[in-house]
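Next come two complexes, and both contain subunit A; in the first it sits with subunit B, in the second with subunit C.
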Partner chain A sequence: MQVSKAFISAACMTKIGRHFKLGIKNLIHEVTACMEEKTGSRPDYLIVASALSALQTHQLDIASITTQYLGWNNIPSMRVETGETSGIAALELAQYIVRSGAASKVLVIGVEKMTEYPSNKVNADYAKILDYDTEYVRNITPPNYAALVMKEYMRKYGVTRDDVAEWPVRMHANAVSNPYAQLRFPVSKEGVRNAMVISEPITLLDAFPIGDGAAAVLVTDESARGKDAVEVVAITSASAPSLYLRDDMTELPATKAAWASLRRKLEAQRLDEVALQVHDSYSIYGILALETLGVSDRGKACSIIPSLEYLNVGGGLKARGHPIGATGLYQVAETYELMIEGFAGKQYSGEYALIHSMSGPDYNARLALLRRW
Partner chain B sequence: MKGFKVLSRPEAKVGILGWGAYIPRQRLKASEIAGLWGFEHSITKALWIEEKAVAAADEDAVTMGWYAARSAIVRAGINPQDIGAVFVGTESKPYAVKPSATIIADALNVSYKKLSTDMEFACRAGSEGLRIATALVASGTIKYGLAIGSDTAQANPGDVLELTAASGAAAYVVGPAEESVARFEGMVTYITDTPDFWRRDCSHYPLHGEGFTGDPAYFHHIMTSVKMLMEELGLKPEDFDYAVFHQPNGKFPLRVGKKLGFPKEKILPGIVTPWIGNTYNASALLGLAKVLDSAKPGQRILVAPFGSGAGSDAISIIVTDRVLEVREKAPKVEELIARKKYISYAQYARSRHIIRRIV
Partner chain C sequence: MKHSIPIFWRNRESHYRIKITKCNACGKPAYFGRDRCPYCGSRNVTIIESEGKGILVNFTISYYRREGDEEHLPRIIGLIRLDEGIMVPGEIVDIDPSEVKEGIRVEAVLRRYSSDDPYGLIYYGLKFIPILKK
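Take a look at the complex of A and B:
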């Protein structure tokens, strides 16, 4: 049976930052206005990815509220929330809708308003991506887990604090050329080492910044495909056991499972030559993602970070920023731009691009494989 | 002496006749606060706060304000009976209802025929008092006015504000420009509704919006008021010899000055917060007092207080020859900074009534 194809036909992003003058609807409007200008038409289905909208802006059903705000009467809509992978989960759903024939133009918006409250509330709400009853109530937060994982990784493979600092150094260098990035300045290993400790050994410069943002992509079928289109080859996803039940904390089990069912689609491509976007809420996770995807041998990823030309071209979560539910769509939008016209000072001529997204210490993972059309 | 750019402004008829300062003797090291609550020690460097002044159990905004005002009157060399208005800017008044200004005025033997009130606008009520007193003098309503900024600033124990929230007072006597030690060249104020920092009724401690207190509040308001002043007076940063800004910590005034084009050397002489903390309503006014302690006749000073909520004043002042005659008549800010004794966090908690007890 011939499975129908799905494409990304347009992408829009807002600059990530502390947008004190923009509410969640204003952020959405920035990308929908951009999308209407680029495509000249309205979608026939709307999906909004937002992880924290209910907690930070008190808004449930942000998708319907968005259609009301925009005057998009009668357009079906839904909100998608899967923690930090919400953006890719929305794309996953959108491509199924398109392939099913239920709609031919699905607009996928990722949005997060993170600066309505002091950081203690933001961090507490973000920690609810973990198990509330067993982890959150015991004051375990995502950076605590990332710190445990980083310590274990350094111990197991004899990796140093400065080796891990390769990650933020590279991400910040990339973000300098990304006009939508929140942290557009370079950092040094010394700066990373001496920055404020978030959860030892993780410092401020190992962690993503808090920022508002919205990104959108238009997912279409063959009939509505624009001239600048990238094919969504496949999206795979998986979930994983709690960190404390794992035999090896330095492996990303959900990512591994999602990758096992996707890798054959990449044919004989070498991953170190493919444009890659990996989830790096904390430096250690970017490194583990490279190892889990087989880009590097276990325990060796730090040394190859400088050599991967198309790694997180926008600066990753670390430096581009991580407006939680919007992040996956920033990854997709950056990759789309990279494949169509170049992005952040880089041109890419390869056929494939791979995007990795995960929530917390890989409680769920999603991989999106894109292909030049 | 530098010439006035605009003579028609009402404030050009008015000047500072005397200034006074008070800084309590007790000092608490910021590192002790950081250590107690488990802050990264680098935070004290990042904010540039070394120690803060702590009012003793028998000191409050009234006693400190009185001391600073007495020094200002001594320097002004006037009869307190000729003072027609007393304004006290504070956010830590001892009485929620009952003016502090009347206590200070009576203790100073100021005339009963006067205007007198407490003012509240976070850290810039004192400078609004200065503006109003100046306007009353300019209009001929009063001969001399007294404006005081005094605070025993509160901070929620364990909040980052606790590193800087401090106690201190500054006072200014204003009157006719020809009698002044420093003449006002121009004053402007920029105010919006920006909730960056607040304390609700009956709440012991204020709350704040973290990063929101920075760019949209402190930086936006000070930069707007200073640019407005320079535009109205036709002045550039090069025309000023000193620039004094509100000092919530040591770093912000340097950063806002840099953004406005003032070199560090013009800002450092007015910096006080790293050694005494943020004295709220006295913060920028103590910085100005420190500059007046050493400025030469003819020099031009920019003062830009900021108050959360939010607003900023920008004031251009030109020092006159009389400054040399009155300077030594009262304690200088540097002498008050040097006069200190270190206390523990426990003594601080007792002094600032952080320990709740029934007496």
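Take a look at the complex of A and C:
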């Protein structure tokens, strides 16, 4: 059976930051207005990815409220939430809708307001990506798990604190050239080591910043494809057992499963030459993502971080920022711009790009493979 | 109110005792009492109770600020390998963060998780303390 194709035909982003003057609707309006300027038309389906909208802005059904605010009456809409992978999950759904023929232009907006309350409130809400009954109520949080994983990784492979700091050093260097990034300044290994401790050995500079943002992509079928289009080859996803049930905490099991069903589509491409976006809410996860995807041998990823030219070109979650439900769409929008006209001072002429997203300690993972059209 | 009373009450067995789900299909044991095996999905499981003792195999000292939590920072969050062989995440108390180390023997005790201060409910559950050598 011939499966119809899905494309990304346009992308828009807002700068990530503490936008006290902008509410969730204003952020949505910014990327939507940008999208209207670029495409000159309205979509026939709207998907909004947001993980925390109900908890941070007290708004249920943000998708319908968005259509009301935009004056897009009669356009079907839906909110998608899968924790930190909400953005890629929304793209996953959008491409299925397009391939099914139910719509030919699906606008996917990722949006998150994370500064409506003090950080301790958003920290508490974010921690609910773990199991509420057995992890959250026992005061276990995502950075605690990342810290346990980082310690286990350092012990198992003889990796040092400073080796892991290669990650934030590279991400911050990348973000300097990204106009939409939240943290556009370089950091040193010494700075990472001496930053405030979040959950030792993880410091503030191993962790993503708290910021608001919105990003959008237009997913189309062949008939609505713009001249600057990138094909969505496939999106695969998987889930995984709780961290404490795993035999090896230094491998990402959901990522591994999603990758097993995607890798054959990349044909003979070497992943170290492909434009890559990996999920790095904490430095250690970016490193484990490279190893789980086979870009590096196990225990060796820190040493190749400087040599991967197209790794998280926008600075990753670490430095571009991580407005939770919007992040996947920032990854996609940056990659789209990189493939079409260059992004953050980089030009990429390769055929493929791979985007990795995961939630918590890989409780679910999603991979999106894009191809130049 | 930090937690729903019905949710907390319903989960009381899991907050006050360490239950283990033993799968009769794949044979694997897993932390907390469940209706199904988290490894293979089988409903053919037996719930047993742990003695609550084990070894601290990994820990982190956490300064992560969560609403209502600040007065208890830093917290020691660790992974404990129970004598029954399974891994459990939990908080370690009654030891100074500068003295905690991997390999110490710990046991589960009932402690306060959180409270609706100043006049509200107090939520209790299991944490781990070092076993003192006699």
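In this section, the second predicted complex is superposed on the first by the 373 of 373 C-alpha atoms of A that agree within 3 Å, B and C clash if a C-alpha of one lies under 4 Å from a C-alpha of the other, contacts with A are read in each partner's own complex, and residues count from 1 in each chain.
Please note the rule applied: contacts are C-beta pairs under 8 Å (C-beta built on N, C-alpha and C of every residue); 3 or more make two chains touch, one makes a residue touch a chain.
Small disclaimer: the values here were computed from a predicted structure and weren't measured.
Enquirer: Sticking to the clash and touch definitions up top, decide whether subunit B and subunit C on subunit A clash or fit.
Expert: In the superposition, subunit B and subunit C stay clear of each other.
Enquirer: Is A:S119 touching the first partner subunit B, the second partner subunit C, both, or neither of them?
Expert: both
Enquirer: Between subunit B (first) and subunit C (second), which does A:N194 come into contact with in this model arrangement: first, second, both, or neither?
Expert: first
Enquirer: Identify the partner contact of A:T141: answer first if only subunit B is touched, second if only subunit C is, both if each is, neither if none is.
Expert: second
Enquirer: Of subunit B and subunit C, which one contacts the greater number of residues in subunit A?
Expert: If we count touched residues of subunit A for both partners, the winner is C.
Enquirer: Considering only touches as defined above, state whether A:L245 meets subunit B (first), subunit C (second), both or neither.
Expert: In the superposition, A:L245 touches subunit C alone.
Enquirer: What angle, rounded to a multiple of 10°, is defined by the Cα centres of subunit B, subunit A and subunit C, with the middle one as vertex?
Expert: Result: 80 degrees at the vertex subunit A.
Enquirer: Let me test your reading of the model: by the given contact rule, A:R18 touches which partner, first (subunit B), second (subunit C), both or neither?
Expert: first
Enquirer: If you've got the overlay open, could you tell me the nearest Cα approach between subunit B and subunit C in whole angstrom?
Expert: Superposed model gives a least subunit B-subunit C C-alpha distance of 6 Å.
Enquirer: What is the shared patch of subunit A, the residues that subunit B and subunit C both contact?
Expert: On subunit A, the residues that contact subunit B in one structure and subunit C in the other are 119, 196-197.
Enquirer: Under the definition above, what is the set of subunit A residues touching subunit B in their complex?
Expert: 18, 20-21, 115, 118-119, 194, 196-197
Enquirer: Give the list of subunit B residues in touch with subunit A in this complex.
Expert: Residues 40, 42-43, 46, 207-212, 215-216.
Enquirer: Which residues of subunit C touch subunit A once you look at their complex with the stated criterion?
Expert: Subunit C reaches subunit A through residues 3, 7-8, 11, 14-15, 30-32, 38-39, 58-70, 72, 75, 77-79, 87-91, 113-114, 123, 125-126.
Enquirer: Which positions of subunit A touch subunit C when the two form their complex?
Expert: Against subunit C, the touching part of subunit A is residues 119-121, 123-124, 127, 133-135, 137-141, 143-145, 147-148, 151-152, 196-202, 241-245.
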